[in-house]
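So, here come the structures, one by one.
In the two complexes that follow, subunit A is the common piece, with subunit B as its partner first and subunit C second.
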Partner chain A sequence: MSEIDALIPHPGMPAPEPTALVQPPPRDQARQTLLGMVIQRTFANTGAVIGIAWLGVLAVGAVGAPFLASSYPLVVKTTDGQWFFPLFRYLTAVDVMLPILMILAIALVSLRRFSARKRVVTFFLAGIVVATTCLLLIHPQRREVFSEHRELQAAGKVQWSISPPVPYSPRDRQRDLGYPTYLPPALGGPHWMGTESSGSDVFSRMIHACRIALSIGFIATGIAVVIGVIVGGLMGYFSGVIDLLGMRLVEIFSAIPTLFLLLTLVAVMPPEWNPYRLYAIMVLIGLTGWVGYARFVRAEFLKLRKQDFVQAAIACGLPLRSVLFRHMLPNGVAPVLVEASFGVASAIMFESVLSFLGVGLVDEPSWGQMLGEAIGAAGSFKWWMAVFPGLAIFFTVMAYNLIGEALRDAIDPHSQRSTML
Partner chain B sequence: MPDTSQNKPLLQIRDLAVSFPTGGRGARRADQRRRVRAVNGVNLTIYPQQTLAVVGESGCGKSVTALSTLQLIPTPPGRYDGGSIHWYGQQNGDSAGVDLLRLPEKKMRDIRGNQIAMIFQEPMTSLNPVYTIGEQILEAVLLHQKVTRRQAVQIAEAALRDVGIADPGNRLKEYPHQLSGGMRQRVMIAMALACQPVLLLADEPTTALDVTIQAQILELLRELQTRRHMSVLLITHDLGVVAENADVVAVMYAGRVVEYGLVHDVFKNPLHPYTRGLFNSMPALGGAHLRLLAIPGNVPDPSQFPTGCPFHPRCPSMQGDPQCANEDPPLLEITDKHWAACWHVPGYKQGKRTTPDIAYRREAVGAPSPPGRGLG
Partner chain C sequence: MLSYIVRRLVLMIPTLLGMTFLVFMVMAMSPGGIGGSLLNELGQLDSQQARAQKDYYERRYGIRDNPLVQYGRWLHQVSPIGFEIDVNLDTGERRWNNFGFKWPDLGRSLAMKRQVTEIFAEALPVTVLLNVLTTPIIYALAILLGIYAARHRGRLFDVLSSVSLLALWSLPTIMVGTLLIGFLANRDYLPWFPPAGLSSLEAHNMAFLPGWSVDGWERGWLLDRLWHLTLPVVCLLYGSFAVLMKLMRTSVLENLSSDFIRTARAKGVTEHRVLWGHAFRNSLLPLITVMAGILPSLLGGSLIIEYIFSIPGMGQLMVEAIRARDREVVLANTLVIGLLGLLSILIADLLYAVADPRVSYE
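What follows is the complex of A and B.
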């Protein structure tokens, strides 16, 4: 009696002896998934490594911005023996959340004992918990200037204090305190990359702008990819009338000029929505940018739906959701990933262009906005306001393009053959 | 021969007709967008624990018939033009049966995999390359059976052991590309059988495998069929496979059944000239032929089936008979339990117009054939 018969009882004759077991060939190949192979090949590409390294620098800047550049000292000891931690009192929920998530991510990546899926699920669950706790518990008062510390200092009460490496906050409008504006950069001086029109430190603003540069790319592209995959997947799977209607929708959306739509949106947005301007830009880039992904996914799905394993999955009685997203999508997502890395680059460009034109973010530091100041109200060209943010935009866009190209080479079997020979 | 005549049939395919459009996308005028009948008026009946073999050349509609049974023909391009597929294997004891062609997609999903399972021709492409075989079997098991994950793993391991795969616990964690073709086909069978289906549709299960593996897989299928009391619809173009496995044979040509009968009858006394041509084109051991006999000509293009009997341009028995070129012969019962569709079969004029239906099942093979035996 075989085991399966014992597990599920059914009536019938006794089972004959099971046939001799076929000995499988020895397992000499390492267990390697397609994903693992792609990651390995991507990392073998020098350009991709440079790109990933640069994104790593940006990530550290984005996550550690309040600890790297802030006018609040980390620790203050007053002359009457009291200890203050001003920096930590003014951290926002996001400031706290990001480092925790980054540490979690690094820990999970290095924990190779668990399967990739378990680690991803853990990360998302922990991420949700951390994010909600931070958002619920942390409500700092908003302080524009480092007044408290300054008052202490003015009163001569500070015995000693430790400041972050860049002791200026991005929004310190020191012009109001009679501080020189448009100070050119001075290595070793107080302002390594100079100051801008309001007297804020450029280096500090550069660091804080990493956050926007990274988040706008990921969120805008994320929205576009999700919409594109769903629409494209349905078009490719059902074909026929749905495909016809879907492709017309794609054509309509491809005809929308994203930049002009963004300009219009920013122009008509009431000023009290300014804090949400960044999100509005992200959503709009996402809502207009999905057509490319939809086309890719549709083409892949048209090919995949005729494949035997998809037929087999349907013949197994799996629901549509599982056939589409579990069995077809992972086999057709490769070109989407490549396209997405270019999409991130273009989203960053959009934001920079908007900020450069002066209709982007109002209060937040952003590279494009700084670039705009290079030829701003001062009348003359301030080279440091053009070079540093310009280089940052250039390197970031190039990093994404390098990664995208490396991914494409890693996934495409033809290019693999030519590089292997 | 066990008397199984009072048995109820499990599956009845009646006058099935499936068509596909031709002329491509550019064809906008109605006359350019003709539809082609890939399957035209097919009748098949399967009884419990029976093996029905469907034989025929490529493109004769064998696979379309099997795919229709599970509503796997993509519609739109394809369309079910008529007929019915009645299924009496409902586990809730509903003896009236359901028409699988008219079942809504949601109910169909309960039947797919759970009551009727299918294995495909190409083991190399029938498994999803991005998941381990364990994940693929587990998904099907968890979907159809109310078991915990741990029980499902046990069922999957047992299923792999049942199809003769050693070390199933570790095999479950492997990806399809790490297995050989024969192993993959075993995995496919294990996956199809993990949910204890009543009917297995085997669409050329051994075509893509080399000959020694073919024999093993067929052996395995036969043994599992006996043990699980399954019916099998075996689609093949290999007459050796038919001789070894089938109870009843249906020979198909150009989308219709041209001969239907017990495996002994069809092999001993093939009636239709096409069937005879198939037998003649099989190599015989010790035969004196220098060249194999082949049926002259090719399978007709489905978009331009000849008028009359579809086989007449290639038929050796036609001999200029205008009836063959003008009238399509219906499938008639010539002798008891033996149907054929040819004007030139002796006794065709006296043939009875009955629906092909044979409940015969070979003597339950007490001892399975010794392993390693070649094909018939």
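What follows is the complex of A and C.
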């Protein structure tokens, strides 16, 4: 950022210190930034708090999935006095990384002494360090023998052991127990939410699916927002020919139903990509979902480009990057945030539809895939396969929508007045 | 107005080109390329037959050519203006004859071994029926209930509806469809509705209207069709209904608190006329604006619903075609669905001008 850049006032900047002549406003009011105000107002909304609470539950499930549902016990003491920690042999780099990052995030949020920017920067730096160390150091055992512990127990070799609350891995087909397919749920029984067609435990798969749902939502929306902001920003700023061409591009993507496009893209994905299918699907959902953001940003930028502060920034000879992203974007970004919250909901919905149609994830636990197995080939209906995953999708989508509504009301006082009226 | 419509129609051409180009290139990049499905089925033949078949496909469709050339060839095939082409099936030679108007040819489905036009003639009416039936119901319900909620603002109905609308909007279609078909169309629970299809097997022997026949009460073709359509339509409409009703309520409330309504009330206009004569038409504008977005999403939604309820429409066709990599069907489907989407956006824009006399496209 150049010197001049910092001198030009624009609405996105923190308010200047009040001069002595003006009656100084109360201390906490003066210190409140736009972001702080929005967060405060959002938390004052009951619906948003419920939504955030549900996402918190999901986050715990996503981060702690291997510790909550796994066929391997945490600790085993055999009758001949040996100690084993089977679960830790199978932890992947991501399994270790996520809890560390979560603890770090909670610690940084509660450290109020430092500025928000410092905390965010620390989190990212620490995140990169943790991620690389985990990826370099952790090599889990590849060959998984899910029945290992059950066989040891049956042989009477286990003195005592501590198992995770759900003692089944998501891909544990329980071959040694004779593939218990489509067992109905039994509270207090071995399978609280029943089993699915392959014999895996539904509850365990539900917990592990949290991670996929949350990550798909965030990453796909992140990609969509970045593309949308860049394309929409350029269209709005330059208008003219670029706008005309851009609008054709937007029209192409908005006239084909997103699901059609997504289905085509996913179905023709080469099989070599299968190990990275989850990431590919995230990227594809992002690539097909940017149109809404582009429209919003374009509309905002068309309004902003004639305003004085933008003209001043251009007249100062600032580079385009600075004009677009430092001066215009902070003023046009509010509706994008609201839209992004709804976007996360629809990304999760799209992933579950793809998995429901059987072209999504292969073998990975996903709510949509389980829902797709609820109606068997002979028309038999397994209600537990429809109700539990269906409700999980519903609650998650609802949570994001509630947060989106609250954000919209918090950012735009006019909309609050008109909906509450 | 006419020149505006013509300009919009002309602007549709680059959009349609872009859409089909996008899908074509995506299929070209996939393993096996554009002719992937053609070559897939060769695995079942013995080697000599397979080679002969492959040679034939290569001559007939030129599947080894540059994708751009193939796309150009496909464009020529679907365009209404062009040459008459004779393909010599023995040598793969193409002869370009008299230039002029011709019938657009959507090609031949390779997996189903039929003309795509023929397949579409069966599938398209089904999807259009589903959407044409659903859209007016959504709008009628949303407008009436939206006005009711706005007029009884803060009362029980309004509060309950504003909470439940967000929930309704968040309900995943795949869950609702599965639950409906599982609980209401299943022998183990309540066999009230048919689980699949658009008509019963015996429907083509029925009279059109319900009535009494030799073996007692007969529901007739029409009622049978409606009975089959009930669950799919319910599934298709609730999401858009939630959006529209919320919009209608907000819009009516905004209008009722504006200056021209205060003036009308001050003049002594009756409350009934204030609502229906002054506020109503103004409140419809946002609903017409969102129509452009609702119609493509309905088409997308009918894909899921056709899949769940085994309805032989465009959506199910698309799922099957994509799974079989049936290039002609996928491309033609993109073209038709895209055209429908663009036309519905145009219609929404024109309706906007009809509803709001201030808007004109001259």
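Note that in this section the second predicted complex is superposed on the first by the 352 of 421 C-alpha atoms of A that agree within 3 Å, B and C clash if a C-alpha of one lies under 4 Å from a C-alpha of the other, contacts with A are read in each partner's own complex, and residues count from 1 in each chain.
The definition used in the following text is that a residue touches a chain if its C-beta (ideal position, glycine included) is under 8 Å from a C-beta of that chain, and two chains touch if they have at least 3 such contacts.
What you are looking at is a predicted structure, and each value in this text was computed from that prediction instead of being measured.
Undergrad: Return first, second, both or neither, reflecting whether A:Leu249 touches subunit B, subunit C, both chains, or no partner chain.
TA: second
Undergrad: Touch test for A:Ala313: subunit B only (first), subunit C only (second), both, or neither?
TA: first
Undergrad: Taking the superposition on A as described, I'd like to know which of subunit B and subunit C A:Arg277 touches: first, second, both or neither.
TA: neither
Undergrad: Where does A:Asn331 make contact in the superposed view: on subunit B (first), on subunit C (second), on both, or on neither?
TA: first
Undergrad: Tell me the contact category for A:Ser322 with respect to subunit B and subunit C: first, second, both or neither.
TA: first
Undergrad: With the two structures laid over each other on chain A, which partner does A:Arg408 touch: subunit B (first), subunit C (second), both, or neither?
TA: A:Arg408: touches no partner chain.
Undergrad: Taking the superposition as given, does A:Arg41 touch the first partner, subunit B, the second, subunit C, both, or neither?
TA: neither
Undergrad: Name the contact category of A:Leu357: first (subunit B only), second (subunit C only), both, or neither.
TA: second
Undergrad: Of the two partner chains, subunit B (first) and subunit C (second), which one does A:His191 touch, if any: first, second, both, or neither?
TA: Neither partner.
Undergrad: Can you pull the subunit A residues that subunit B and subunit C both touch?
TA: No residue of subunit A touches both subunit B and subunit C.
Undergrad: Which bits of subunit B are touching subunit A when the two form their complex?
TA: Listed in rising order, the residues of subunit B that touch subunit A are 70, 72, 74, 76-77, 108-114, 117-118, 120-122, 125-131, 139-140, 143-145, 151, 154-155, 157-159, 161-162, 164-167, 170-171, 173-175, 178-180, 182-183, 186, 188, 191-192, 194, 196, 216, 219-220, 223, 226-229, 364, 367-368, 371.
Undergrad: Residue numbers of subunit A touching subunit C in their complex, please.
TA: Residue positions touching the partner: 47, 248-249, 251-252, 254-261, 263-265, 267-272, 345, 349, 352-353, 356-357, 359, 368, 371-372, 374-375, 379-381, 383, 386-387, 389-391, 393-394, 397-398, 401-402, 405, 418-419, 421.
Undergrad: Using the touch definition up top, name the residues of subunit C that touch subunit A in the complex.
TA: Per the stated touch rule, the residues are 11, 14-15, 18-19, 22-23, 26-27, 29-31, 153, 166-167, 169-175, 178-179, 181-183, 186-189, 195, 250, 253-254, 257, 293, 296-297, 299-300, 303-304, 307, 318-319, 322-323, 325, 330, 333-334, 337-338, 341-342, 345.
Undergrad: Which residues of subunit A touch subunit B in their complex?
TA: By the definition above, subunit A touches subunit B via 2-8, 10, 12-13, 15-16, 18-25, 27, 29, 31, 33-35, 239-241, 305, 307-309, 311-319, 322, 326-327, 330-331.
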